[in-house]
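Below, each structure is written out as structure tokens.
Two complexes are shown next, each including chain A; its partner changes from chain B in the first to chain C in the second.
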Partner chain A sequence: MLSKIGNVDRRIIYVLLCAVIAIALIKPVGLAIKVSAETKKVYDAIDRLPPGSIVWLGFEFDAGGIPELMPAARAIIRHGFQKDIRFVCGGMWTMAGDMATMAFDAVKKDFPDKQYGVDWVNIGYRPGNTIWLDQMIKDAAAASAGVDSYGNPLADLPLMQEFTGIKDAKMMIIFVTGTPGTPEYIKTVSTPYGIPLAVSTISVEVPGTMPYINSGQVLGGVLGMKGAAEYEVLVNKPGSAVAGMDAQSFAHALIILFIILGNIGYILEKKNSVAK
Partner chain B sequence: MKKELPIALGLVAGLIWIITTYFTGPRWVETVHQELSKWYQLAGAYMVMVGVVNLTRVHGHRITQKKKDWMYSIVALVCMFGIMIFGIFIAKDSNNPGWKTFYSQIIAPMNATVYSTLVFYIASAAYRAFRIRNSQATILLVSALIMMLGRVPLGAMISPVIPQLADWILNVPNVAGMRGIQIGAAFGGIATALRVLVGIERGYMGGTE
Partner chain C sequence: MSTNPWVWIQAFLTLALFSIIFVDNGFYKFAEHAYVGLYAGYTVVVTWFSYIRPSSQWIFRDHKYHYIIPIIIGLLIYTRYIKGWAWVSRYNMAFMVGVGAGFVLARDFKSLLLDQVRATFKPLFVSGSLLTTINNIVLVVGVVSVMWYFLFTVEKKGTAGTISSIGRVVMMVAFGSAFGNTVMARVSLFLGRLQFLLGDWLKLIQ
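Our next item is the complex of A and B:
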């Protein structure tokens, strides 16, 4: 009977997991979040930028990355606006423009003095992958057919008078879920032109991002939902990532519980087969 | 000549790209680089057309032959041609709200749904796969437990050592392994590129060698 715990129906696992995540999201307990060194490095880098600096935001993800990357994007934009940083954004992923719109729409209501075209510009998605990125370094207007994500001529936007290409950015922050992503920015922009690069990535991309942070090619990382929650804490505006950390904590605890049960069942089953 | 000409073209174009990427110098180097970038984008756009023809042939064949799950091929073709017709005849402007609807009401929710269901599969797979069958599986299991606890606030609540251990795993064994894989893949990429340039690798011409 005990050995059956090693073979629990997967539907039971699904239901329990769903219940744990839902309860933690509806009634968060507010577990303490400690800020990691990687997140602090990104925060400090933005903090050190002089007011008025232009930062490139690469929205290299689509809807699947929203739960982990959107809170990070919102917190970073909030931090930037607090420091009077201006943003130009775009990306190689088809939903880049929509993701940027979603992030800025959520933050702009708290900063009524910030205006589109003056404090931020959304170039949106453009095809061509690294070739587009390569063209964006020196001539953003030519690489983007002269219009932003909403069809406005770039020449009419005041911020674009100071931003002729990514080379004019003081820093780049990219939100990535895969390819094209971090390596493309390193080899095309940050290494050849010496523009500091920070990365916000989903959890599954963290192991692949660590070598770049260790080598200094990426100055820091807002890594997974954990990193997003840490950034929300740093800008003093807890949001969906902080709430999500409770859900993630309890979901991980449940999975660990099942792994332990599975191993107890496995050991018992092994003992039984030896006895027979 | 049928074989030699594409190889020669590939060699010349590849060498020009390598030279103009790795070396800066006279103005013409940058001009050539920019011009080749435009050619690449044009070739990419043309390849979409080739892709449409190929997809139509493959799925058309599946439908006419009534192969397994042929009805999904109908869905694929209807979606592909539906969006093409919509773009060519109805929403000619890229700012048409119809495109926004396509993305925000259809693609985005489907994308998010597929991604979010992964958590259930991963949970079930972890339960079945992480068994102490031998010493290697045990190391994997212990690492997974440390990482799962160390990357959430619950781990620090249990013991401050757990996040430190998770950071060590991420920064030392993981970086060593990932760096090896990445450098290996880069060398593999260079070797493959050289094979294509000198005409040893001819897959792009439809051959196998």
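Our next item is the complex of A and C:
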């Protein structure tokens, strides 16, 4: 019996986890979402930008980052469009172009006056990691082989007349799941050129990102799905992140319960073996 | 339920990948291999259309033939497969290591070391803010004790041992935090897939 408490079959845990998440998604209870200081800093930084400012969006993730980063990207783009901010985006991850397309496609239907090439440009994926990023600072056309993610010449896009490189951006916001990611932007762009950097990251990356936020090298962070949900609340457009918060809270409660049970089982089993 | 065949394919692949939880099976292997193959193909196609093809126009259309030099240096890496010529691939490696080392030395030192060290120089007492005072003390004590833990030339006895133990506890807290965040990320991934299955596929949620 004691060993059973400490060694629950993982399949049972998965089935329970699946059931808890499914129930919470189908019948949400609407737990309160409190906006954290890190998320608010990003929101305020975008809010303070004058209309017409250009912001660089780094889509440094692939399909695995969609559940946590796509809601954040959509909410931030929505906020930017509400403030007449313009975006140029790209990334060092292979799926950068498609991730940016997904994010803008989801938002643009609510902003029919916003046009591609005028209000946003998607440069897409380019190889070369920090070497590419370094070149992007001063000469976006050369770094991007002169075309955007869809093969359009950059010279034909009106926004690119004002954006010759990341140095022309008032701010950078990057969506990251790993390497290349935050440190690459800090050492290549934000520290040498003083361009403010905000980060939206998956939960795994949060412990690695916090030192940069504490040091002021990153101005704020939309951290994990929780951060994305907070941003959705701030822009008053609840989406998949807000919808997932109940499920995530209940899933965490279940995992904590199993951790406690596992520890109780371990302690009881240890005591039992000492007694024998 | 969705009538979109692409959604059904996504749902099948998602369920096939989740099936590994219960038992290793052919559906899982199919989905896994399909993913690896598709991603490799995707990378090649995206790199070709987004960079190699437009870049090659500089050479052939704009007659910038000196761009061929880095291409040749890059191709040298494949000489390692030719017996007797493998040594030539070292030039490629030497080039990459040289550029990489120079880049790291020039950029990493200030932004990833000096600025981080400077961020730990905090006042241990901040008047009017007890929380900031406690935060700063925890930060300074944490950084010093963890660094002390990795000082292997000092015997960890007495006070030295106590500081080292504090460093160990601080690291345990950090590992716990990292584990918690990892769990949160994995639950988010699972949640994302369930949102797709229950929403886009089964239409049980909006």
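The working rule: the second predicted complex is superposed on the first by the 274 of 276 C-alpha atoms of A that agree within 3 Å, B and C clash if a C-alpha of one lies under 4 Å from a C-alpha of the other, contacts with A are read in each partner's own complex, and residues count from 1 in each chain.
Here is the rule we use: a residue touches a chain if its C-beta (ideal position, glycine included) is under 8 Å from a C-beta of that chain, and two chains touch if they have at least 3 such contacts.
Values in this document were obtained by computation on a predicted structure and should not be read as measured data.
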Chain B versus chain C as contact partner of A:Tyr266, first or second or both or neither: first
Contacts of A:Gln217 with chain B and chain C, given as first, second, both or neither: second
Contacts of A:Ile186 with chain B and chain C, given as first, second, both or neither: second
Partner chain in contact with A:Ala253 - chain B first, chain C second, else both or neither: first
Which of chain B and chain C A:Ala22 touches, first, second, both or neither: second
First, second, both or neither for A:Val8, with chain B first and chain C second: first
Chain B versus chain C as contact partner of A:Val206, first or second or both or neither: both
Partner chain(s) touched by A:Tyr116 [first = chain B, second = chain C, both, neither]: neither
Overlap of the chain B and chain C footprints on chain A, listed as residue numbers: 10, 14, 17-18, 21, 64, 66-67, 94-95, 127, 131, 134, 151, 203, 206-207, 211, 214, 224, 226, 248, 251-252, 255
List of chain B residues in touch with chain A within their complex: 34, 37, 40-41, 44-45, 93-95, 100, 103-104, 107-109, 111-112, 114-116, 119-120, 123-124, 126-128, 130-133, 141, 144-145, 148-149, 151-154, 156-157, 163, 167, 170-171, 174-175, 178-179, 182
Touching residues on chain A, where the partner in the complex is chain C: 10-11, 14, 17-18, 21-22, 25-26, 64, 66-68, 94-95, 97, 124-127, 130-131, 134, 145-147, 149, 151, 183, 186-188, 190-192, 202-207, 211, 214-217, 224-226, 240, 243-244, 247-248, 251-252, 255
Chain A contact footprint on chain C (complex, rising order): 21-22, 42-43, 46-47, 49-51, 54-55, 57-58, 99, 103, 107-108, 110-112, 115-116, 118-119, 139, 174, 177-178, 181-185, 187-195, 198-199, 204-205
Interface residues, chain A side, partner chain B - complex: 8, 10, 13-14, 17-18, 21, 31-34, 36, 62-67, 94-95, 98, 127-128, 131-132, 134-135, 150-151, 203, 206-208, 210-211, 214, 224, 226, 245-246, 248-256, 258-259, 261-263, 266-267
